[in-house]
Amino acid sequence: MLTGKVSKMSDNMIKIGDYIVIQKQNFKKLHKYNKPNSTITVGRDSINLNGIEGCRYFSTFKMISKSNKKAREYTVELTDEVVNLKDEIEIKLSGSDNRNIVDDGLSQKLTAAEIEDLKNDANRASDIIESLITNSNTFHNKTEFSQEKYLKKKEKKYFEYLQILKPNLRTIAEIMYKLEPGKVQNLRIDTLSQIITTVNIYCEGNHLLYDSGSNGLVAAALLSSIGQNTNGRLVHMHPGNMSQKQALLAMNFPEEQLKRCISVNVYSALRQFYQGCDTNSNENIKEIPITESNQLKRKLVENDNEPRRKIAKPDEEVSEPVIDELKENSNKGDPKIPKWHFDNIYAAQILEKKLDSLVITCKEDPQNIFLELVNFIKPGRPFVIYYNVSEPLQNLYLALKSQSNVAALKLTSNWMRNYQVLPERTRPDVIMNGASGYLLSGYVLK
Amino acid sequence: MSFRNYKDKVDEGDTVILYLSNNLYAIDVKTEVKNKKGETIENVFQTPFGALKVRNLIGIQYGSRIELSKGWGHILQPTPEMWSLTLPHRTQIIYTPDISMILFQLDLVPGCVVIEAGTGSGSLTHALIRRVRPEGHVYTFDFHEHRSKIAREEFEAHDVADFVTAQHRDIIRDGFSEELNGKADAVFLDLPSPWLGISHAVKAIKEQGGRFCSFSPCIEQVQRTCLVLQENGFQDINTMEILQRELKVTKRTIPVRDLSFLKHKSSESPVEEKPSGDTSYVVAARPVSTPGHTGFLTVATLPPAFARSKAKKTKTEDSEDTDTSNVTHGDR
Amino acid sequence: MLTGKVSKMSDNMIKIGDYIVIQKQNFKKLHKYNKPNSTITVGRDSINLNGIEGCRYFSTFKMISKSNKKAREYTVELTDEVVNLKDEIEIKLSGSDNRNIVDDGLSQKLTAAEIEDLKNDANRASDIIESLITNSNTFHNKTEFSQEKYLKKKEKKYFEYLQILKPNLRTIAEIMYKLEPGKVQNLRIDTLSQIITTVNIYCEGNHLLYDSGSNGLVAAALLSSIGQNTNGRLVHMHPGNMSQKQALLAMNFPEEQLKRCISVNVYSALRQFYQGCDTNSNENIKEIPITESNQLKRKLVENDNEPRRKIAKPDEEVSEPVIDELKENSNKGDPKIPKWHFDNIYAAQILEKKLDSLVITCKEDPQNIFLELVNFIKPGRPFVIYYNVSEPLQNLYLALKSQSNVAALKLTSNWMRNYQVLPERTRPDVIMNGASGYLLSGYVLK
Amino acid sequence: MSFRNYKDKVDEGDTVILYLSNNLYAIDVKTEVKNKKGETIENVFQTPFGALKVRNLIGIQYGSRIELSKGWGHILQPTPEMWSLTLPHRTQIIYTPDISMILFQLDLVPGCVVIEAGTGSGSLTHALIRRVRPEGHVYTFDFHEHRSKIAREEFEAHDVADFVTAQHRDIIRDGFSEELNGKADAVFLDLPSPWLGISHAVKAIKEQGGRFCSFSPCIEQVQRTCLVLQENGFQDINTMEILQRELKVTKRTIPVRDLSFLKHKSSESPVEEKPSGDTSYVVAARPVSTPGHTGFLTVATLPPAFARSKAKKTKTEDSEDTDTSNVTHGDR
């Protein structure tokens, strides 16, 4: 009965080429670990990662100052034990409240210059902070709460450990949203998680995504739920020449899985579907040679009896990066025909058979896009449209209500709250994110 | 059988969803049923819009419109989300907004092994099964024997029993079974005293680490759970709440009241002192009554064995908070 | 130093003519106590209030069944002690969880008919419930929590005490909102409380309100904050012939205070202001006789040198109720001239001098109304507009942004959450109110 | 002097609000100030849009536009709401959404006597004064001597000292003064351990009863407070939270992407594969970062003396929760 994912030992080792997550306290950063001694910037610190290769994910590294601490350049060293400031610094006295504390800016006896020297000389953060406390007039009068708050603040400033984690959908979505919500259309994790469930993504079936603003996050989410070594496929449409795939690449998907995400330009794919050729130019058309790789693909789509074999030569302006990124996956047989031609054909074949779900996360007004793409969805199947403000979805809602080809239309928004859970100090976080975006969902009817 | 994969047409034995004027009904497609006297009779499903002969559903395409004497509806293939809205409640259940976040926070993908306690009405279980299939597995436990039995029958009927093992077991008292030690990628607890299940979760999670999530309606449960998670070497402990709100979209026409004409003496015929016209807006109204709280989700990471910190006891003055062995909690 | 409100003893006695609040557990109801033996309906119970007159507010009354309990007719009897079910019923056994409880509908050994008999015969709710428990197969296996929940439910059903409270803004606003939020434009207490503070209402100054849908709630809120025996005045404009004043009357304001709320039809008051006469008809105009009462009013407005003395005879369609309601306050000297004529003149005089705040809580599109009434507000003074959905305010916001006569425009909405605070069971309420309405606020510029 | 009543023009000694490009600044209208060396110099207020000679404000009408070298602003008369946004923070302060609900829940009207502890930065105090004047009074206490002194000076400067008595006093230890016994209509507590102030509140509230409100950031404080309120005979105990959210209104133009032309072979000239046009919406966007929590408001009614139930002790097993005398709490 017990089966489950068999994970190879090597999956848990940090490898060159992996996307990795660097965690320093609550701060997380995504990084492509391209070469052994690549350097990352965390806050104002510059950290050389030499030595992490081959270590296990979840390992903790101590930051070692390269020369003096002023330069803020560090190397890293594998370590077993993270030192917790509170465990190191023993606090002898606490006041019962802060009534006698007047904040006159004079409570610290050390001068700024002295503190700077201390930072450069001291080996450990706890040493610095211990000195600061010893030289404070008010620290021992502060309440235990205030003292802890102070230590937390200082710990944040002087904390000198990193952890390297393996990216997954959760960490990638959090990092991208935190870094710049606008870059992922304000798509917060609660809303993202609901997109996946609302359209019933699982290991089987063919799923359609139109995404023009999430930097690959939605494609990553859907492909992740489709899974490794399964039959499910994702047709990922995008405007422009190149799909955004930052998040998709950061997932470190195996090739087999990544191949089942067929990224196509929406115009080319639809032109291929409707017109049997994926460029608008009528020049330079030639027969596609039936190579092994595209024949293989065609077999995946059963009952393909369409004579859509004509594809055009690559337009010279078409993005190199996409091709580059996926070069290894593409047909090596015929270097003259870029992979995207085959992708368009492949996508058109899947569209022909209709798909099992539709997700739209766009920057454009969703109405035209939905009305066009809903035709490719099988009756009874779910769809969801994400937009970062509600008004365009309100409009679309009314437009769809007056038609009879969708059911169970629902416009929702979310509200997510995080909590601080600490003894005697449990409360919701004082800052919350108010912008979750909106989802319009429903089912396609026959 | 319609819970397993997408299909085009309704077969006998399927469970289908009848969507009728904003309501969902789950119907088992059986042509005949037994009546109270034990006699076999034709299966007729009564709807507010008239009776539906279930036999007539067989062979129609999912997404089709079906005619009823007083209106019409549509037949949809059930998803775990629709099932959550139609299943027979044997306990309070977890709904899609929380389910979505639970799946997300547990890092579940096809192939994962996940443990759930308790099974309850099986709302979350269906979503877990969908996410981890085809190679993964769900182990779900409930201390209520009858509930566990019904859940098993349901999984059989829904053709997903391959992917799930539903057992009657008091996991607080007895732990997860030995054979699960070190086998789980993730553990989910929806129990009155989740903190008492954490040590069992640690045993069950793989050596390479895994995720934990607990769903609790009350903050006291969360407080204890967070403390015990910390003592057991979990990291990234987070507590959150998700509320989904539905917006009602309508075109609303509202009157316009012109007052400017009063600045001037009017002509002989008096101007009517009524709204002078209309304007309309597409409005999204927030509901007067909406879910205000379902539960707190507390999530955490158990690092791989090599990276787990030794279980630290919190300071002595906090110990009263964690000495909770004698607290009893009922069912919610 | 210690001054404060001197409250007469009689203020704390229930009097005929008072609006009163009846509280039964968490249910509150507003009632005009018109005659000693008036009857109210609470749930399915009909309760005769004979005997409450002269009792102190906050008194508790026991409901006494008139004949048999089936009829659900009660009288009331002053009582000292409210019996708490949990204190009366001793529970000997609790299970540790509900694992052994199968809800087969067979756990209660008493039949429905037996329970009905019990209800009719038993004197006290606790007797009924004790019998129910004794005859339950499962109660003693239930957890303490489940038992308490059960008792709470039963208590709600059989609770037999009432408390009579004195209405105030808080109770009135809660009752009206709970009863039918649509009748007060979904104006929830948090939003109502912010209207009062946003426009800086206090005991001085002249304040302008246009209200067409709150049943007097906003006028009640503003007049309450203006206070008794102060100088502040409220011009309360409304469309139609009659102002809605349910909440205003329920406040039991003294006459002196109620008089400082000048309720006028918006058309009549503006016509009076602009045209010096408050009806559109040119017939039947006659000089107002200068009576003592209207002269007094005129004195309140200093520097009145406008020759606006012409007012028309009452239009026959004009509401009797308003006149009736305020008959005692109106000029008794000349029965032919209704009070509203003087109110229009009075309001026009106040408008002339401009006012200190503007509140609009309307059902109509707020734009025209705001643009008209903002002209009567002094520079530097605040305004706030309430609407139950945001779209009309969004429109108005944009319109005002493009003008330069207002500053600090802000569109807000609220979110209010109530909590259950109980040992081991502290959590937010499971149902919340999602519709608070929206406020658009700002300051008028010169 | 501009906090007392509305006025039309700015006088020397007023505090005025400079409204400048969505920012508020409080300016004391003094023509001269002392510099660091103790010399008297002209009072010039530096703004992001250039310097403002404060002298020039005297005599101008409130609501007027004032020109600055790099732009313009407006001069408004301060209200307690504007003051909350501009006052010098000496502690965490309570803002208008909570203040509004506090005034509402305390049933405050002109003439009421209300007690506040602690005074903090005086944000709420200004709003309390406004509401209870002219015949009512605010008694405000703070255990921090310096804070209490500054507050007193501020009330003097704002010409509202008639309506408020600000004292340095540890009310948990010493109670409200004897002279306040039975004098208050309402008591408000914003203290680290509000439950320890409840018995003092009971003493201070009038025989005819009154209202109580406590503001606490953490749920543990609320739990203790509710228990002690119940023990002290309060009724209608309610805990709530208010969050105000600002919506950013803009006209947003978004592209429209036409895809329908792809159904047909296009003419010789290729159609551009770009958005085919624009559409625009008036949108109200919710802010990415917004207040997520200020504090819990716990409110309750103390019935008139005749109707107060005898103080009931809660059951023995709960007593550990209320034995909190040794819990220390810091300043927030």
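So that you can tell them apart, the chains are marked A, B, C and D in the order they are listed, and the count of residues begins at 1 in each.
Quick note on the criterion: a contact is a pair of C-beta atoms (placed from the backbone, for glycine too) under 8 Å apart; a residue touches a chain by one contact, two chains touch by 3 or more.
By chain, UniProt protein names: A, C = tRNA (adenine(58)-N(1))-methyltransferase non-catalytic subunit TRM6; B, D = tRNA (adenine(58)-N(1))-methyltransferase catalytic subunit TRMT61A.
Just so you know, these numbers come straight off a predicted model, no measurement behind them.
More contacting C-beta pairs link the chains of C-D than the other of the two pairs C-D and A-D. Ranked by separation of Cα centres from subunit C, the top chain is A.
Averaged C-alpha coordinates put the centre of subunit A at 51 Å from the centre of subunit C.
With centres set at the average Cα position, the gap from subunit C to subunit D is 25 Å.
Chain geometry summary: the mean Cα position of subunit B and that of subunit D are 40 Å apart. Among the residues of subunit D, those touching two or more other chains are numbered 219, 245, 282-284, 296. Of all residues in subunit A, those touching 2 or more other chains are 390-391, 395, 417-418, 423, 426, listed in ascending order. Those residues of subunit B that touch subunit A in the complex are listed here as 5-6, 8, 19, 22, 24, 61-65, 74-77, 79-81, 96-97, 99-101, 103-105, 107, 109-113, 127, 130-131, 133-137, 165, 179-180, 183, 185, 208-209, 219, 222-223, 226-227, 237-247, 249, 251, 282-284, 296, 298, 303-304, 306-307, 309, 314, 318, 321. In the complex of the two chains, the subunit C residues touching subunit B come out as 94-99, 102, 142-146, 181, 186, 239, 265-267, 270-271, 274-275, 280-281, 362-365, 367-369, 372-373, 388-392, 395, 417-418, 423-436. Interface of subunit D with subunit A (complex): residues 143-146, 170, 192, 217-220, 245, 252, 254-260, 262-266, 270-271, 273, 275, 279, 281-294, 296, 327-331.
Remark: subunit C residues 1-5, 7, 12, 56-60, 82, 168-170, 173, 189-190, 192-194, 196-198, 200, 202-205, 224-230, 356, 378-382, 390-391, 394-395, 397-398, 401, 407-408, 410-419, 421, 423, 426, 438, 443-446 touch subunit D in the complex.
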